[in-house]
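Have a look at this one.
As written, the chain order gives the labels A, B and C, with residue 1 at the start of each chain.
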Amino acid sequence: MDKYKLIAENITVSYNNIISVKNITMKFKANTVTSLIGPSGCGKTSFLRCLNRMHDMNKNVKVMGKVVIDNTDLYLDNMNPIYHRRKVGMVFQKPNPFPTMSIYDNVTAGLRLNGIKNKKILDGSVENSLKLAYLWDEVKSDLKKPAIELSGGQQQRLCIARALAINPEILLMDEPSSALDPISTQKIEETIMNLKNELTIIIVTHNMQQAIRISDYTAFMYLGKLIEFGETKKLFTAPTDPLTAKYVKGFFG
Amino acid sequence: MFMELKPPHNLFVDKIFKIIIITSAFYILILIVYLIIKLFLESGPIWQEIGFSFIINSDWNTIEGRESFGALPYILGTIVTSIIAMIIAVPLSIGIAMFASYMPKESHIILNFIIDLLASIPSIIYGLWGLIVFRPIFVKWFEIPINSTLGEHMWLFSGIPLGLDIITASIVLAIMIIPTIASVSREIMKSVPLQQQEAAFMLGATKWEIFKFAIFPYAKAGLVGASILGLGRAVGETMAITMLIGNATGVFALPKSLFQAGQTMSSILANEFIEASPLSLHISALIGIGLILLLFAICINIIAHVLVVRMLKVREGLINI
Amino acid sequence: MIDQNEYDKQFYQNIKRRLITNKLIQIGVFCSVIIALIPLCSIVFEVFKNGINAISIDFLLDVPGSIGSGQGGIGPAIQGTILLICLTSLIGIPLGLSSGLFLYEFHDNKIAKMIRFFNDVFMEFPTIILGIFAFLVIVLTLGYFTILAGSFALSLIMFPIIARTTEESLKMVPVTYKEAGIALGLQKWVISVRIIMSAAKKGIVNGILLSVARIGGETAPLIMTILGSSQFFHGIDSPVDSLTLRIWRLSLLPYDDAQTSGWGSALVLIFIIIMISIGIRYLFDNNIRKSIKT
């Protein structure tokens, strides 16, 4: 039981009463990388955003089901998700650094929110996180620079560093490389492979090659339903569902 | 041969059309320049007779032969009432603007409706309400208790609490500028990209911390602009203040206590302009006050405008959204 | 990586304070809405409660009686307000529409940007200044108080509003409309007026109604232009009355009857303004109608 880090049970998501994710149950093992693939609009992102209650932002979205992290259900009524959100980092599709803050302040934003003011800890965390995100060498001399002066690829890696700085146990990534150039993408993928030792990573990707390269498990979703979920190798070479077979061979999507 | 190539008749209509819209647009430029020149010329006598000290004098004597005029009490009256109104209205308005994000989307229509309704009530009705409904309640429950306990020790609360005073006028003024500040602040906050808020939310921020980390830093200039826009409204507001401030003149109008009658630039214009005989020094003193008021309003609104417009431009560029 | 235990300790030390702060702010936000609602409700309630007692056919049609007699009505004031609105619209709407069209047609031009800026600043001018301006330009020149001066002053409030709302709604019209017109070889003014303006009709009408509601409630610039009167309109060379001026005059009188009449006038005024600004506006707006239905 406890080898599963994160369990999502019977998740259903509806926007204004239109259902976009139908009754999905998935279990994620600790220290693995799981890819969610599927044509656009199939509910990958909606599902991913359930895993740290991101949908609380939008009052028009209803989520039903359970998300269990470390034996606690995130959707219990008396549960404040803040306690668990610091265990779950998230990287978004488009880079979104805080534009008015410097690089340093961006990375430490999460820690400062949680009340850590010790400069030594903050400094260490900045160096560590930026190194993990492969950004340290490019910005180490100029940490006070406003974050918006970085290029798009650098901004995205800054966002990864920012998510890593809160020391998460799970990292959710929503097509993180869609805004990046191939070299940055490669660096990000290396980062993901390295992080696997410490984190559980769930990544939404549009790029099947990327899924094959980095993930241990892959889930294929279509029209809000989970079609197939299994080891990456098996899913791509010997899919059990005909729909999955068609998708991975590139017949649609 | 070549005669046929001249522009066809209907381009003539186009030309006239163009001339009409260009003239009507330039109308406003001419108007502003003419307005300022006119006020300056008509207030000429006061600048010749009294000069610059018109701004720092406090006497106000309209009796012919013994005339002396000073605008200081009214300038201070405008500043004091506007500042008190701002202190009350800005936090409330920003609270109202924040309220939208605590509610599902459908309720925004209700909030807009409330703001629209508050904004569409004419100044004179606020004045009437302030005079007949608000004043007795306020005097009974606020002014008399405070005055009888603190009045002797603090100059701020001294005087006779009648309700026709600076604090009553300022509070009604605050109610009147809330819709302006709240609706502009709401637009400004809405312009903050959702991704910014998501970033803070992901890091484990509470609702308030989302405002503190993602919304306020981003919207700071615009919110200041919205408040200054409200200040502009407060400075120009006339009728409700005229009905509530007690209309003191001369040295008696120098604001000393909250519970004392005062006078603002706009209220003295409303009260005395029609009584002053044309071509007298009195009327040019009033026009001089009008000119000062206009300059106040222009400066405030230019600052507000620049801040708000710059803020709303920021959302288009800067970060690649 | 940072020390997890230290991090946890800090987190649990702070979380309570953070959640309480959050709750307090939330309470503050809800309170501020309620505080803003109190005067709104009170004004609407008082105007209806006190105003309804004053309303009668005689009150709406008669001239004011002698001061303190408790008789008479606000006929001239209603007539004056309606006349003012009509006359002002006659000046203000064409001017506003054409300068809005100018701002749209020349939107990137430097001069247009300047005019837009002045327009926005002019919109916020204290209205009493515009009254003084109208007094100096018209009343002093003609030698009598006149509805013309009042309408001129109000048109200065009206046309910048119409210009800006017209520009904004013209900008909403897709460029393809204009391109289609050009492709058909139509004249420029036909494209602008017949195609683009009629496509943006709803927004423009909204802007006009907004400005009409605004000038209907103006008082300050009328003090020194139309002066107020207790008789019906009888020529452009004599003072006229308006509802707002009537309310002001009544509020200065110490009699209870005057107060009641004041509330009655306020009810009529609010009725006119709400009919114009809120009622028709929300009726026209299809989006809002739809969302109310669902």
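In the analysis below, a residue touches a chain if its C-beta (ideal position, glycine included) is under 8 Å from a C-beta of that chain, and two chains touch if they have at least 3 such contacts.
Just so it is clear, the structure is predicted and the values come from calculations on it, not from any experiment.
Undergrad: What graph shape do the protein chains here make by touch: line, ring, star, complete or other?
TA: complete
Undergrad: Given the two chain pairs B-C and A-C, which is bridged by the higher number of C-beta pairs in contact?
TA: It is B-C, judged by the count of C-beta pairs in contact.
Undergrad: Quick check: how many Å separate the C-alpha centres of chain A and chain C?
TA: Here chain A and chain C have centroids separated by 50 Å.
Undergrad: State, to the nearest whole Å, the distance from the C-alpha centre of chain B to the C-alpha centre of chain C.
TA: 15
Undergrad: Among the residues of chain C, pick out those that touch two or more other chains and give their numbers.
TA: Counting only residues that touch two or more other chains, chain C contributes 18-19.
Undergrad: Among the residues of chain B, which are close enough to touch at least two other chains?
TA: Those would be 206, 209.
Undergrad: For chain A, which residues are shared contacts with two or more other chains?
TA: Where chain A meets two or more other chains at a single residue, that happens at 82, 86, 114.
Undergrad: Enumerate the contact residues on chain C facing chain B in the complex.
TA: 18-19, 21-22, 25-26, 28-33, 35-37, 39-40, 42-43, 46-47, 94-95, 98-99, 101-103, 105, 112, 114-115, 117-122, 124-129, 132-133, 135-137, 140, 156, 159-160, 163, 187-189, 192-193, 213-214, 216-220, 223-224, 227, 244, 247-248, 251, 259, 262-263, 266, 269-270, 273-274, 277-278, 282, 288, 291-292
Undergrad: What residues of chain C sit close enough to touch chain A in their complex?
TA: Spelled out, the residues of chain C in touch with chain A are 1-4, 6-7, 10-11, 13-15, 18-19.
Undergrad: For chain B, which residues are in contact with chain A within the complex?
TA: 103-105, 193-206, 209, 213-214, 217-218, 220, 318-321
Undergrad: Can you check the complex and tell me which residues of chain A touch chain C?
TA: For this pair, the touching residues of chain A are 80, 82-83, 86, 111, 114-116, 121, 124-125, 128, 167, 198.
Undergrad: Under the touch definition given earlier, write down the residues of chain B that touch chain C in their complex.
TA: Its residues touching chain C are 10-11, 13-14, 17-18, 20-22, 24-29, 31-32, 35, 38-39, 42, 91-93, 95-96, 98-99, 102, 106, 109, 111, 113-114, 116-118, 120-129, 131-134, 175, 178, 182, 206-209, 211, 229, 232-233, 235-239, 243, 266, 269-270, 273-274, 278, 286-287, 290, 293-294, 297-298, 301-302, 305.
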